[in-house]
Every structure is written in C-alpha cells, then in structure tokens.
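Some structures to go through are shown next.
Look for chain A in each of the two complexes below; its partner is chain B in the first and chain C in the second.
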Partner chain A sequence: MTDATTTTRTLTTARPVARPGNRLLQRAEPYLYVLPAAIFVVAFLLYPMVLTVIRSFTHDDGITAPQFAGLQNFTDLFADPHFLVSLNNTFIWTIAAVVLPVTLGLIFAITLNGVRWSGFFKSIIYLPATISAAAVGILFSFIFGYDNGALNSLLNVFGIHNVRWLFEAPINSYSMIGAYTWQSTGLNMMLFLVGLQGLPQEPLEAAKLDGCTPFGLVWRIIIPMLMPYVVIATLLAVVNGFKVFDQIWVMTQGGPGRSSETLAVTMYREGFIMFNQGYSAAIAVIIALAALIFSYFYLRSVLDQEKQI
Partner chain B sequence: MNFVKRLALSAALLGAMAGVAFAQSVDFYHDKANWQDAFTSALAKAPVGVTGTPYADTSSYQAAVRAALKTPSAPGMFTWWSGYRMKDLVDAGLVADVSDIWKKYVDAGKYSASLANAYTFDGKIYAVPVNIAWWVVFYNKKVFAQYNLTPPKTWDDLEKINATLKQNNVTPFGATVQGRWPAFIWFEEFLIRQDPDLYNKLMTGQAKYTDQGVTDMFAKWKEWIDKGYFTDPSIDFGTAGSNAMASQFAQGKLGMILVGTWYVSTLTGAGMSADDIGAFIMPNEKADMKPALIVESGPLLVSANSAQKADALKDADYWMGAEAQQAWVNAQDFPPINVDVKAKSALITDLATAINGGGYNQINRFWEATPPDIAEAAVDEIGNFMVHPDTAAQTQKNLQALADKYWANHKP
Partner chain C sequence: MTTVAVSAADYRQPGLVRRNMGFVVAAILAIFWIAPIAILAMNALKSPNDFLMTSNLTPPSTFNLLVNLQHAWAKGLSGGFINSLIYGLVGSAGAVALASLAAFGIVRLKIPRGLFWFLLIYSGTIWPFQMYLIPLFNAYLQTGIYDTKLGMIAFYIAICIPFCTFVMRGFFLTVPWEIQEAAYVDGAGSWTVFWNIMFPMARAPMILLLLIQFTWIWNDLLFGLVLSKSASVRPVMVALVGMQGVYGAQDGPSVIAATLICSAPTLILFLFLQRYFVRGLTLGVGGGR
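Up next is the complex of A and B:
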C-alpha cells in the first residue's frame, strides 16, 4: 500500500500539470507543422487562382483599372476563330500526348523488362526526360529547320525537296508532337517498369505453363494487371497535353499565322503580348477547368489504387 | 570600456555595410541583351551609377515592366518603343516628362527638335532617344562585284539586280516570319515605295487595308515571292538565337537584306568583314515620288513612380550628352544623333551624308506607327500571307477586321 502510494505520488509529481494554454498548443501542434506549406499554397496557388477567375470577368490591360465585363470574355472566346483553331490544336495535342508517349512507353517497358543489357537502352530512352521542354524545342528547331535542318539535309540526300516542318499547318503541330513524344516516352516507360517489377509472378508462370504465346501473355495477362499504371499514365498525359506551352513557344511561337497555337499559347499571347489580361484569364479558367476534371479522375484512380494496397 | 569599443566598432561596420547596401544606383531595364556591354560602357561615367538588367525575351520584359511601373520599385530607366507603343504608358501617367532635358540640348543646337516627335504627346516629351535606325538595304559587295552590279538608282535597276542574282542562284532578298515581327518589314517597304500617303493613313485608321493601293502592294509582293526573289519565310533571322539569314549573306548565297542599321553588328558577328558590307536606300517604284525611307526611333524612358526618378533624370540628361553618345556610337556603330558625335564607320557616315542631304521623307516604322493592338495581330496575318502568298485577299480582310475593331473604340 505504502509502495503503491509512493509510486502514485512519484508519477503524479513527475508529470507536469496540464495547463489550458499547453493543451491548446498540443491541439494546434499538427496544424503548425502544416502551416508553412498551407501559407505557400494559399499565397501562390489559391490566391492567384481566385484573382484569375475574378479577372476573367473584366477588361484589364494591366495598367489602367479593370472594368467589369460580365461573361463577355467567354462569349468572345467562342466567337474567335483563332480560339477555335487553338482549341482544335489542343485536342490534337492531347490525343497525341496520350497515344504516342504512353503506348511507346508501354512497349519499351515490356520489351526491355528483365532483358540483358536493358539498363543501357532504358537510360538512352529516359535521358530526354531530364531535359527541359524549352531545350528540346531549341534542339528540334535545328532538326526541323528549313534550309540547314538535319532532317531536310537527310531528305536532300535522297532527292527529296525541303519540307517546311515548322511553317506549314498541320505538319508543324505533328512535328512538335514528335519532339514531345521523344521527350516524354522515357518517363512513361519508367512508370510502367515500376509497375512490371511489382507484378506477382505466379499468374505469369501459370500462363506460360498453360502454353500462352508471348503476345497472349502481354495482351491477356500483363496489360490487364498493369491497368492501374496505364490509367495513371494516360490521365497525366491528358493533363500535360492540355498545358503544353514552352516547346511550342520556342519552336513556332504559335505561327505561322497562329496556326499552331494551343490554349496555353493563346493564353500567353493574349496576356503578355496583346495585354488583354481579362481575355487571357478567361482562357486560363477554361484550361484549369479541363485540367481539373481530368485531375479528379486521376486522383480518384490513385486513391483507389492505394486502397487496394 | 571594451563594451563601448565593441559597440562603436559594430556601429561603424553596420554603417559601412549600409553604405554599400544603399549606395545610389539607377536600375536600367532593357530587352536588348546583346547591347548590355555597350550600355555599360556608355553609362560608365553617369552621375549616378547604373545597374543594367537585360531581359532575353521581349514579351516577358514588357510584362515585367508594365507590372512594375505602377509601384515605387519601378526601374529608374527602361527602354521601350516609341509612338503608339508608349502612348498607353503616357496616358496612364507612368512615365516622366523629360521636356526640360530636350530643351537644354535643342537650345544648344546639339539635337534636331524633330527627333523628339516620336516621343511627344500633347506637347510634352516623354523619352530620350536610345537610337535612331534607318531601314536600308545591306548588300554583299563581293557578290555585287562578281556579277557587275551597282546599287540601284531606280526601281527598274532593282528589278534587274534581282533577276541577275536569281539567274546566278543567289537569292536576292532575305524575308522571314521567324520571331513574328519581321513580317511587317516588307509590308511597309512595298507600301511606301508605291504610296507613302496611303501607308500613313492606314497606320492611323484613315484608310482601309482592303483599299486598291494595298491590293496592288500585295500583288507586287506576291510577284516577287513567285519569282523566287525572297528566302523561304522560315529562315532564322537571329530573333531566337541562330541566324541563317546572316550566315547566307556572309557566304554569298543571299545578296541583300532590308533591315535597320542596327543589324550591321549582327552581320559582322556572322563572320562578314565590315568592308564587304554596302548599303543603299530602296528606290521608289514610282520615279516621280519624293525619296523616302523608314525610320525607327528607340526611346529610353524614366519611370514617373520610381523611387529613383530624380537620379534617373540626371542619368537621362547625361545620356544625351556628347560623352555618353560618342561611347554609345563607338560601341554600336549607330547613326550619331548628337551633332558633336562622329560616326564610327564609313558605312554609317556615307548613309548619314546621303540621308541628311537627300531630302528624304522619313516615315515611322509600322511597329510604332500603328497601335500595338493592330500591329501585334497584323504580323501574324501578314506572316501567313508570306507562307501562303495566294491568301492576299483574305489577309487584307483579316487586317481590316483588326483595324475596324480597334478604331471603333479609339480616335486616330
């Protein structure tokens, strides 16, 4: 009894009395850890987003006071033929950004997975992903150049005349998509390689024992099991295709005659060349809405996958 | 005692550091990165030290300056574009009146008062000149000598030169849409060679892009394109780094380039000897017209709201003086604008003699002569014509639609 009392007393005295202020601090502690990041998100993401949405309902030249314009920027957009060309190009870019880099990334990943010396080829294919999009634009401008470009010089050897790779629509968009594919295939390949290495071996071995052909193995076993990764890669590609800007700006500036503009290029042009910043904000809102819709599906896919794990 | 000594020492150290941190300096923003060294040398002895901040990209430069101008942290000085391009800054009260500086130099006979016209709004002057450029034709002297050609006196002479060069597999003229803005070069040139009055009216909304004179101009342009008198319109011009046009000119594959006089340093940078570069002013298509040439006037402005405004005005005054101008001309080989300054090269000296004594009608460049809302969109339309010369009629309609949209809400 005496021992127990002593122990209790010792424990009681060793433990500091919880004052109301301390309790508040304890409750606030987790929020304090998050606070710096939250401040950054609010200041550099949410606040500009809200400002952009407000600005999209104004006429604003960046110098004089903005004037409320209601929905006029949005109605003007859909009556603007250049915006419709831009929307169409964005659609082409988005489809191509999904079909080419994702498909090629999947093919390379399946082909190179577990193959001897594959590390070398994986590095070669991944390397372009480490270069900035602007640098890729400059590099491919040399390749696609009309007079001194590497591609036309090669074609000249076979007696083929120079082609305007960057100055004739729609070939200019396709050329730039080619450069984009070169850069972004590696990242998709790495994503699929991670997926392949995490696949359970039993179904694969069972299929082989049952006499499944290599093509059947890929088509009926591997791809279905990789589907969560395919979905993630696809949705990421859609969002990236929607936002593509720097490479186009470096290679054609959206020209000639605005023929290769995408929504992001049109937004930049209106905002920082024409200084129609309200109109530019309206385009930004449309891009953001589209990206938001795809991001929602992307996040839902990721979260579902985590639940399965 | 020791404590007092340490305190005094710390105070002295802090004072010295503050002196360094708050030393007087004027921020000078510009988008001419390759001129930075020349600016530095010309302003080396400015009364208040100048810190140059070059921007590589013109559109991000404009956005940064426009955003800063409303605040006290605006750069003390910055380069811009004259005419309509600086009008909105003047209207918004963002740039300082420098009329007094001009008065000092004009009264002393050092500058021609007409030079300030491109910077004058409602009787006040809002900029000092960075440079004046004449838009002339540079030709490769070796190529001309090889085919026994001399600079043309008439339009027919020019047509003969084009035909001769083309026959000998030399492309007569460079023309490009690279970088967007160069598309206006030949638009304005063909137009002033046919009808300078129409050009001036067009710039201020008093004529239409669908007028017969503009149709005739496009027809002449298309004729030259069809004859192969121009490079492919995709050729690099140096606006994005590489410069195939200057290289071809240096190699003798291209005979002539129509451009501002500031291009001389680009040509010499491409490996061309200055002695091999000749220059002439384009003849008019109609012989009875007054000789004319396009003039570009680049301004340097002082921010009205900048905390450095007073110091910047002192430096702007120094900039117009002979010492800074001579250093500037020596570094850049620009035409001198202060009468006490001598041209660096024989090429510029000869041009100055010809232009000053030739009674030339000096016409504002398209980029500054018409509002940027029209000019910026127009270069895309004109560029499309250069790539697809069969679209002249549609180009004219599109240009007029741009003009209609702007002039409906603005006075000429």
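Up next is the complex of A and C:
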C-alpha cells in the first residue's frame, strides 16, 4: 500500500499532467499527430530535394540511365555562355529587386503613414501584391507592347519614338524588373508600416521640439529606428528576387535568344524543354546554395526581431 | 532657408497646408500605382479590332466586354478556374489540418525530440522550388499521378504544410497549460483536447493560414506547368498563360479580360479580409512562403 502511494506521488511530481489510459498508447500518441505532416513533407519535398542533389552529379537526359559525372556539370556550367548570361541577369535582378521595392516601400510607408485616407491608399499600393506574378506578367506585356502599348503611346506624346521594351537585352530585364517592382513594393510598404506603428513616440516628439526638419526627422531618427525592418525586408527581397520565375517565363520566356534568362528560368529550360536533367539539377543546387545563405541571415534577423518584441 | 521657416510649432499642430500636402502626394502615388490596371481594364472593353487599331491609351469606341469575358471563359479559363478553386480549397484546408495536428503533437503532446520534428517539417520552406521539380516530375510520371487532380492536391498540401506548422506552433506555444491539465483531470484524451479545446481557440490563425495558402495555390504557375498538362487538370494560371500564348496577338481584350477574371478571387479575398493579411505580415514572413 505504502509503496503504491509513493509511486503515484513520485509520478505526479515528475509528470504534472496525470493522464488516463494506456501508457504505451500515450507514448505513441504524439507520433500519430506529427507523422502525417512529416510524411507529406519528406515524400514531396525533402526526398525530391536529396534526389536533385544526387542528380546534379550525374549525366542524365531523362531517357537513358544516369551516369555518375562528378563535378562535371558544375564545371561545364561555368564554361557555358548561356549560364553566365543567366548568372549575370540573376545578379542584376537580385540587386534591383532589393533596391527598388525596398526603397520605394520605405518612401511610400513614410509618405502614407498618418495621411488622411491612408487606409485606402495603402490598399491601392498593396493591391498588385494580391494578384499572381503570372497575371502581372501578362498585364505588363501589354503595357510594354511595341505598337499600341500604353508606355510607348505615352512616350509618343512627348515625341519619343517607340522602344522595344521586351525584345532587346538588357532593356527587357529592366522592363521586367519595373513590373516586378510594381508588384512587390506594396509588401515592403506594409512591412514598414507595421514598423512605423511600433516606433516609440518620445524620440520623435523630442526631435520635433528641438526643431528637426521633416527630412532630418526621417533620415536621422525614423530610418535608424526602422533598421531591423529594413534588414528583414532586404533579406526577404534578396531571397525572393533570386527565385523569380513566373513573370519572366510569361513576359519573354527568357528570350530573345536566352538573353533575359535568370537561373530559375535556365533551370526550367534545361530540365523540362531540353531534358538535360543532370545539368538542370546542378543549376538548382547553385540556386539552393545561394538562397540558403540569405535565408539563414533572414531567419536569424526575424528571430532576433521576435525576441525583442 | 526652408529649414528656418519650418518651426517647431508646425510639428505640434500640423498646418492645413502641410497636412494636405501629404494627402496630395499620397493621392498622386496611388493614382500612378493603379494606372496600369485601370488602363488595361479599359482595354478589356474594346473589340479585338478596336484594340489592334488604336493605342491602349485611347478610350474604347466599342463595348465588347461581355463578348470578351465570354471568350476568356470559353477559350480555356473555365476548366482551370474550377480546378484551382478545388486545389485552393482542398489544398489549404488539408495543409492547415495536417499542420495543426503536427504542431499540436510537437508543442502540446511534447513529442520526444520536438525540435527535430519541427525543423524536419519546417525545412520544407527553406529550399527554392527548383530543388523539387525534376524528381517530382519523374516520380509523378512513374507512379501515374502526373497530370491528375489527386497529384496536384497532394503536392499543394505538402508545400503548404511547413509554413502552416510554423504558424500553428507559434499559436500553440501561447495557449496556457492549465487548460490542458484541467481537461486531463476531467479524463479527456488528447483528441478531445485538440478537437474540443484547441481547435475552437485556433480559429483566427487558421483562417489567416487558409487565406494565405489559398492565395498561394491560386497564384501558382510553376508547379502547374511541371505537374500537369491537360485542360481538365491544369490550374488557372497555367490556363491563363496558355491562353496568352495562343490568343495574345489577335485577341488582346479577351486575354486581358481573362487576366482580370483570374485576379478577381484573390483580390476580393484581400479587400474583404485585409486585416487578416496585415496580421499575417506581423508574423514576420510576408507572402506566406
């Protein structure tokens, strides 16, 4: 009797949650909840990912059996002019996709914050972010149209002759970056608005009392205080800019003559149009490595930010 | 000079001019930003001929919107639209359900090595999509689920699970433990705790996730291109892009009308449920991926 009571008591102290039912079943229970999701992720995401890494070390045309090729795919890539063009475009895209939407997002957030009807204006700026990149691509294919496109028609008014926005490199990349900026500025603006609302009011009031100019207020006080948000927005923009596919595929398919491809488009073309699966997998691995590095810094700054809040 | 003119008093009580200046600048920005959509919406009214002959800035001389919408629907959108509705609804609901169960198991049932299980599931968001494409395509061909609705739904569930698990884990960490212990004292099993106690409490994050994931699935192009080909299976964005490829040159207004139709669901969702989207941003991960 005494023994049994002690055991119960020890058990209760060790496990404050005294649960009814079979112990073995209880131990198996959490797995019943976790495994379905884990199986989906492993089967559809992680296992394919491992296969891609393995495939990147093989010659594989998707028809005959793959053959081990070591680092051949990777060395070939850096001798492939198409890949180098694509790498260069990706570099341009990433820089532009960071600088433009983040800067504009910050400017818009500061401009719109506290203005009359700001909710309405915010919705309008954010609106492009709610539609798909493919839809944005189609809409801007018309805007950038050569003969009747809205942009050329507008330029004609000022006496400027039609520009071939989408059919010449490198201007086609810049045009597409413009469309991308139109879509992604809203997201950055919203992020900064969240940041602005969380700013402590005292330093702002103090600066105003000291006669700080509006520009000085923004430049010396608001932006430095928003820095954590700028870092998060920047890293998120790098990761996203690196992976742009839909819009380019819709607007130029990477053309003309593969001149506007980025790594994501090159990977798709090599894998699914030219069926160089091993080569394509090697590009995927390069994209993953780059994205992983930036994702790491992104996640770290998000987690730091959450700790502060 | 101007810096002298702007005195401290102006900031304590912003003057009429200053306040209206902000308003005017904001209004100009908004008009500038909405212009591309507005101009194209105007062109959706034109007849194909009118569209080809005049500049996109010219107001329509014909009213052909209804015919254009009809063409857009009949020339391929109809199937894709319904398919994506199914994918979006079933995919997001399936992912939220499985992710909630997993997060419950990890946080509330304290599965051994919980961090490992969480990271295993969450790592699905870290990799760029290009890492999945080729093996998925091959495996789908081999197992016969290539170009099937089932295959599409299964994949959409899988790709949405990691982010949902991340958010639901965050939610379950905030629920007080007393509630769960009280339920156990009353003899409730883990399923009762999940279904009768946690599920009703988790309504807000779940709705948020359903919105974000529905929008993501609806807007997906890449996986639709890779995992489907026939009109009866392909999602709406693939149908739209296919339509642009075929009719973009001769029937511009129909393609624009189709683009507007495809954008309507997510746009309407956003307009009605804005505050949920904004709350989603504060989770620290914009866009939901």
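Definition applied: the second predicted complex is superposed on the first by the 273 of 309 C-alpha atoms of A that agree within 3 Å, B and C clash if a C-alpha of one lies under 4 Å from a C-alpha of the other, contacts with A are read in each partner's own complex, and residues count from 1 in each chain.
In the analysis below, a residue touches a chain if its C-beta (ideal position, glycine included) is under 8 Å from a C-beta of that chain, and two chains touch if they have at least 3 such contacts.
This structure is a prediction, so every number in the text was calculated from the model and none was measured.
> Chain B or chain C: which reaches more residues on chain A?
The larger set of chain A residues in touch belongs to C.
> Under the stated touch criterion, which partner chain does A:164 make contact with: chain B (first), chain C (second), both, or neither?
It touches chain B, and chain C stays clear.
> If you stack the two complexes on chain A, which partner ends up touching A:153: first (chain B), second (chain C), both, or neither?
second
> So, A:202: does it touch chain B (first), chain C (second), both, or neither?
neither
> Considering each complex separately, which residues of chain A are in contact with chain B in the first and with chain C in the second?
Shared contact residues on chain A: 62, 138, 141-142, 145, 148, 250, 268, 271-272.
> In their shared complex, at which residues does chain A touch chain B?
Against chain B, the touching part of chain A is residues 61-64, 138, 141-142, 145-148, 162, 164, 166-168, 250, 253, 255-259, 268, 271-275.
> Any idea which chain A residues touch chain C in the complex?
By the definition above, chain A touches chain C via 16-21, 29-34, 36-38, 40-49, 51-53, 55, 62, 108, 111-112, 114-118, 120-121, 123-135, 138-143, 145, 148-150, 153-154, 156, 182, 187, 190-191, 194, 208-211, 213-214, 232, 236, 240, 242-243, 245-246, 249-250, 263-264, 267-268, 271-272, 277, 280-281, 283-285, 287-288, 291-292, 295, 302, 305-306.
> Help me check something: in the complex, which residues belonging to chain C touch chain A?
Contact set of chain C toward chain A: 2-3, 6-8, 11-12, 19, 22-23, 25-27, 29-30, 33-34, 36-37, 39-40, 43, 51-52, 54-58, 98-99, 101-102, 104-106, 109-112, 117, 120-121, 123-124, 126-139, 154-155, 157-159, 161-162, 165, 180-181, 184-185, 187, 189-190, 194, 215, 218-222, 225-226, 237, 240-241, 244, 248, 252, 255-256, 259, 262-263, 266-267, 269-271, 274, 277-278, 281-282, 284-287.
> Quick check: in the complex, which residue numbers of chain B touch chain A?
My answer: residues 59-60, 62-63, 66-67, 69-70, 88-89, 92, 94, 177, 179-180, 231-236, 240-242, 244, 248, 372-373, 376-377, 380-381, 383-384, 386-388.
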